[in-house]
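Down below is the structure, laid out as structure tokens.
Each chain carries a letter (A, B, C and D) given by its place in the written order, and its residues are counted from 1.
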Amino acid sequence: MTFVSDLLASVSRRSRELIGLKAVEAPPRHAADVTALARTLLSRRGEASGTAVARAILDAYRLLDAPGRLAVLRDLSGGFGADRARLDAAIAAYQADPSPACAATLHAAAEPRRQELIRRLNLAPRGTLDLVRLRDDLLAHLPDNPDLKVLDDDLVHLFSSWFNRGFLVVRRIDWSTPANILEKIIRYEAVHEIRDWDDLRRRLQPEDRRCYAFFHPRLEDEPLIFVEVALTAEIPGAIGPLIAEEGTPLAADDARVAVFYSISNCQTGLAGISFGSLLIKQVVEELKRELPKLTTFVTLSPVPGFAKWLAKERKTETGFLLDEERTLLDALDALDWRADSLRAQKIDKLLARCAARYFLTAKTSGNRPLDPVARFHLGNGARLERINTGADLSEAGLRQSHGVMVNYLYDLGRIEENHEAYAERREIVAAGPVKKLAEQKG
Amino acid sequence: MTFVSDLLASVSRRSRELIGLKAVEAPPRHAADVTALARTLLSRRGEASGTAVARAILDAYRLLDAPGRLAVLRDLSGGFGADRARLDAAIAAYQADPSPACAATLHAAAEPRRQELIRRLNLAPRGTLDLVRLRDDLLAHLPDNPDLKVLDDDLVHLFSSWFNRGFLVVRRIDWSTPANILEKIIRYEAVHEIRDWDDLRRRLQPEDRRCYAFFHPRLEDEPLIFVEVALTAEIPGAIGPLIAEEGTPLAADDARVAVFYSISNCQTGLAGISFGSLLIKQVVEELKRELPKLTTFVTLSPVPGFAKWLAKERKTETGFLLDEERTLLDALDALDWRADSLRAQKIDKLLARCAARYFLTAKTSGNRPLDPVARFHLGNGARLERINTGADLSEAGLRQSHGVMVNYLYDLGRIEENHEAYAERREIVAAGPVKKLAEQKG
Amino acid sequence: MTFVSDLLASVSRRSRELIGLKAVEAPPRHAADVTALARTLLSRRGEASGTAVARAILDAYRLLDAPGRLAVLRDLSGGFGADRARLDAAIAAYQADPSPACAATLHAAAEPRRQELIRRLNLAPRGTLDLVRLRDDLLAHLPDNPDLKVLDDDLVHLFSSWFNRGFLVVRRIDWSTPANILEKIIRYEAVHEIRDWDDLRRRLQPEDRRCYAFFHPRLEDEPLIFVEVALTAEIPGAIGPLIAEEGTPLAADDARVAVFYSISNCQTGLAGISFGSLLIKQVVEELKRELPKLTTFVTLSPVPGFAKWLAKERKTETGFLLDEERTLLDALDALDWRADSLRAQKIDKLLARCAARYFLTAKTSGNRPLDPVARFHLGNGARLERINTGADLSEAGLRQSHGVMVNYLYDLGRIEENHEAYAERREIVAAGPVKKLAEQKG
Amino acid sequence: MTFVSDLLASVSRRSRELIGLKAVEAPPRHAADVTALARTLLSRRGEASGTAVARAILDAYRLLDAPGRLAVLRDLSGGFGADRARLDAAIAAYQADPSPACAATLHAAAEPRRQELIRRLNLAPRGTLDLVRLRDDLLAHLPDNPDLKVLDDDLVHLFSSWFNRGFLVVRRIDWSTPANILEKIIRYEAVHEIRDWDDLRRRLQPEDRRCYAFFHPRLEDEPLIFVEVALTAEIPGAIGPLIAEEGTPLAADDARVAVFYSISNCQTGLAGISFGSLLIKQVVEELKRELPKLTTFVTLSPVPGFAKWLAKERKTETGFLLDEERTLLDALDALDWRADSLRAQKIDKLLARCAARYFLTAKTSGNRPLDPVARFHLGNGARLERINTGADLSEAGLRQSHGVMVNYLYDLGRIEENHEAYAERREIVAAGPVKKLAEQKG
């Protein structure tokens, strides 16, 4: 029971007495006990024992099994709201005198006590990381427990404040980075799996590779997000050669293009707190400083929603596809459709046109691009630069996008303009050839 | 006009076009323009140009003269509240259905738009420091402009979040600390002035001196608060010898007592965001680790309110002072009362008793000690340990406390208990002899 | 031919012209060319192009195949001695006037030009590391090429100066050490192989493990020597449990003994330039500071020469072994002699006595212990503390020492005394029980 | 007597016993005792107590008064030479068989034991710094004690090895540099005095100022040499404006010229161990990287030998000066010769011609330029670029060079070539106009 005794040790004898834990022989093992402890933390005026109690709550939560944790999350969502009586009084006061001061009082009265609780938990040693992990649990339960939404909103509100970009620090990750951070890069790589330390070394050590991550002062050895970069002579049209094992690296000085070929979020508990845009911009600036000969900054990105969208279009007789095109695309239903290379060439040509149309016309109900990766990069101010067929021949690549990948271009001089066009007018910023492709008739 | 052109350069041409600054030849010189720019910042959905606009607002504010700045502060306080219609609707919804979700919506609707504005300003490069300085301005105007209070509340609310203790980093300050930080120590020392670099060296370099400061990741080279420490063999009863120029330093290994003889806040714009308590505790721990032979951690503190309180008591015929005591204390009205050393001895003895009484019985309307320094240290969990007469013979020392200083004792094993006693029950924790002194009859 | 073009690039066009390399299209591919280049480097008064030429020589040497390199080494040994005429003149002058000044001139004249050459090579970027590797080559050839000895002496003389202990820096190696250094720890571990990164983590991350290495400012990311430490409650008598995969780590605070269970030199080219003694002493001091409860610092060391020595003794009928003992030890010739545990117990008891005798009486021609590990630790001032049988049951352990391992004790208060006893009087410092064991009759 | 007891403490009781210091109650106070201790250090085979004894010798030396120290230096010079008998034997062996091995033995035998002594002293904590200071003493005595030369040679030999450029590290010095280093910059500035911390700040903080220093790993907080740089738009022709208090700094981005206006050696004990050349080259490279718009790197240097040389020329009737020129220059004998501005203009014109002649024709007996600053910069590969009259109007400037200063140009692409021309052929590399000036007739 070493963990239990650790926990007990973490709340000093005196602290425990002060908070009425005197009798407990073991830490709380039931959700109700954790919730009770949370009420204690919130109710005390003195803060001396606060961090110890906060630590105890977070430890006890972690000791619970999954149903126990869910029960705590539901307790926190259901209770810990604003004080009803106080809020009613503030409403009445505001309605009598809608002054800035009364509005401010109302705002304070309407704040769920949950927020203050989260702030106090955050003061425990390693509290921030534990709260990020608690939200990770929460997000897993949210679809089935919509009542957790209020707790999630409070976490997002506070995380946005604590993780505001002013606190983020970009660091280069390379082969001289501490091993305890590198092992997290291996673990968190989400796009193109890193198999082992040798594979990692191949991503970091050659002079035509770069990797950068964001860190936060309170999550010291935990990267928040990282991006892997390949330096190349030309904009690449396929992922295979970029991550192949063999090959002589390009001299950094001969590179003209920086390719962002993998962006991975590390903390699922920070979902929705966006850093990606900022990271890419900072890395572009860093690379420009280091290698002034670089002229072009692009991604090589997957197109996760394409195959699904196309499947639907192929069934729509009144859609933009001609009958013979629909017939040609029937080949896609067989896994080995690229075996007949002549036909594959024809299909690729058609796929390029379909993809262009997919990006420029397929929209969500909110009039944003259907493709989530497109939403991310266009939202950052990038331009859809080029569509590449036969670019990802892995099984996953064929399944989700029939092998299509695209390049998004980051042009620092245009990023703001593009971003505004997208954010204000929902414009899809794309290179001329892509636009033309989308308008082509079969 | 180099500053002006700097400013114009800081908002890139494209950003300025985007935010409708196209026509301006010079940055806003009027409060109204700054306010207008603030509305622009708040209204835009796109965030690409955000940091540039935020930077421009903060620069423009700084360019204004004092009346101009006040006007901006008043604009921000008067406007930028919650949206009235939205708030009324949220109230109605909540009254119809007082669910957590509706309460959350109400809370959001009641948030003054000012808070979002401050958050966006904070994202500008060096934005945090500029906001701290803006609050510095605000505090100077607050007494005469109570309407600024709502803005102050919003700043305090956000500063408390950004400056929460999880972000604070303690650093030792010594003679190998960068000069740009040391010059701030000289500038900010508030208790016992540091005259020049040689004087500073005497506070830092001898092996019986220590200095520690809190830093914050977004205010890199700006100490927030610092404490100066002298290592001694015994608890000191007077300040003079501690800060004298001459004298051989004590070998650190021979020290048994660490004396906190000066604590200075550096950022007036952070007034009310308390760090002092935490700093002292961390320094105690750090010193214990480095010098395990240290057994005692005390302050040598001024008693700023004592003379004023005593003057009143001396006039109160029905008070605790006997007639002959009041007569004896009449001597205090002459500046040179210590010249007659026999009488001074008698007076000191009486002063000690009065001071004990002052600490234990003189209270504010909120039932807290009248002495502000006592409130700080008792609130931190320290104990009032000893009263020293003839301890500060400087003019200021004689004027504010007739030469009396006190030691507060920080006993890590008791800090929590003391703090709780004070915070929960307003108990004045004092050493036995001090208590006895307070109860003595003349 | 990228390496070749790299090399050419490393000598700038202008440098090459200056040193008469104008015509070469490719770097020297023959030993004679390298030697010629070395003469060029040595002959020039101007030093501007010096580092470029030095770099070119070291690169060209590295490009040669093994026979080519050997040829260079022999050239450097055969030529590049002192200038004969100058030396003869200095001898004559000294014999005429044996003053300090003439002796100094003679010393200078007798210095092989080789030393100046090595000094100039050392000024090339990364020159020191390349020279260490050149000596690595040399040592491999030395047994068959005794004429290389003069070059080796010069290298040792200069290395001793450059790697004097004043330059050595001790650094803790742990799981947050940069990966490029950790991979060298994996590669260089010479005593108990580290299989992979997971195995490495087990040696570094648990709180009862420590690792320290020496670094040198000119060999930045290259450890020179490192020692692995296990923290234990008792002096360990067997290696198996120490490096086993499973097991709960001991809380560092509960440890009383620090066990140096593996010391590995990383640079064979620095053989004979001793750092080990210093490293152990510094680590002992470091550990004492960090964990004041540690009372005992020991090794758990192999006994590489024991089995071989014993084999000889077993054949010597007039030796210290009784006949029945010799018969008992015959069992050792079978690999599975430990299978019969009762007999093994008897054998172990006898082995302990033999080992004690081995340490205390078996000597080299120079009257030093036959066992090389004993020479190292006794030379450092350690004491032979305890003999452990059945301590290393690996095949290698059984083969070289019939499973025997020993503990050497490092007692800081005794190190100097022990060292002097050993260095001045060749005394074998051993604990009482070990001495008694050595004197026991069968 | 705190220093004395410190010293005694530094040699542990056991060490003292081991080296026969048992009886001493106080450290050696006589030169003879120090010398005896040095013999002890040299004679012992065991090295355990070595560093303690070395430390004791260096401390005892420092405790001596000036005559005592001189006596030690003379002892070290007179004794501690090579072992006579061993050297004679080595000579005989070499004469019988002049093989590389015998030459090596001869070299070893001829080495003064002094060198080994210095090496062992160097191993004491802070030993290197103390040896540098010992040589400082020595250099002061050398002119009157030529017998110290052998000791100086040995120190130079070893310092050259320990301070070889591979160990030197360049660091930028700015206003965020630790105060303990900055105070040394104030102390060591040799060319243009730094009056106080405010003056220092003016040299470091403006964005058109830079300062760089060399450090060595064993002299951690001691700069070896530093150079102060001003960034300007044009090559400056006078020192006054460069170091004036007032003035708006130039934006770093607008600078085209980097001016090295002050180079100061910090350690007189390292005189003759040259770093200056290397520092300038590294700083040029660093500045080029940081500010690619810089095109020109020059010094603004004094001409210390000019006035003295000219005084001689003015007396030489058969020299290059015409009679009327000699008459004109008579004005220089009055301190206020610049008061008559018309005449001053004429004189300046003539001075420029004289200075050009001085640089190009005035030579030492070794055929090197008479001007020591010229020897330094030409030896580094710089070119004499321009002669500036009225450039240093301080009293010192008028006295040593009638106000003349010069610019030396560092052109990285030409440095090697220039250096070789100077080093191999004693060529004075100068700009065309300077050469023409030197050839002009009056």
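One rule holds in what follows: contacts are C-beta pairs under 8 Å (C-beta built on N, C-alpha and C of every residue); 3 or more make two chains touch, one makes a residue touch a chain.
Just so we're clear, the structure is a prediction, and the values are computed from it rather than from any experiment.
Farthest from chain D, judged by the mean position of CA atoms in each chain, is A.
In terms of their C-alpha centroids, the spacing between chain A and chain D amounts to 58 Å. Rounded to whole angstrom units, the spacing between the C-alpha centres of chain A and chain B is 39. Note: centroid distance chain A to chain C, computed from Cα atoms, is 50 Å. Counting partner chains per residue, chain C has no residue touching two or more of them. Taken pairwise by the contact criterion, the protein chains form one closed cycle in which every chain touches exactly two others. By the definition of touch given earlier, these chain pairs are in contact: A-B, A-C, B-D, C-D.
Residue ranges on chain B touching chain A, taken from their complex, read 14-15, 18, 44-49, 77-78, 81-82, 84, 87, 91, 94-95, 98, 100-101, 103-104, 106-107, 110-112, 119, 122-123, 127-128, 147, 149-150, 153-154, 158, 161-162, 164-167, 169, 217-218, 381, 413, 415-417, 419-420, 422-424.
By the touch rule above, chain C contacts chain A in their complex via residues 2, 175-182, 196-197, 201, 221, 248.
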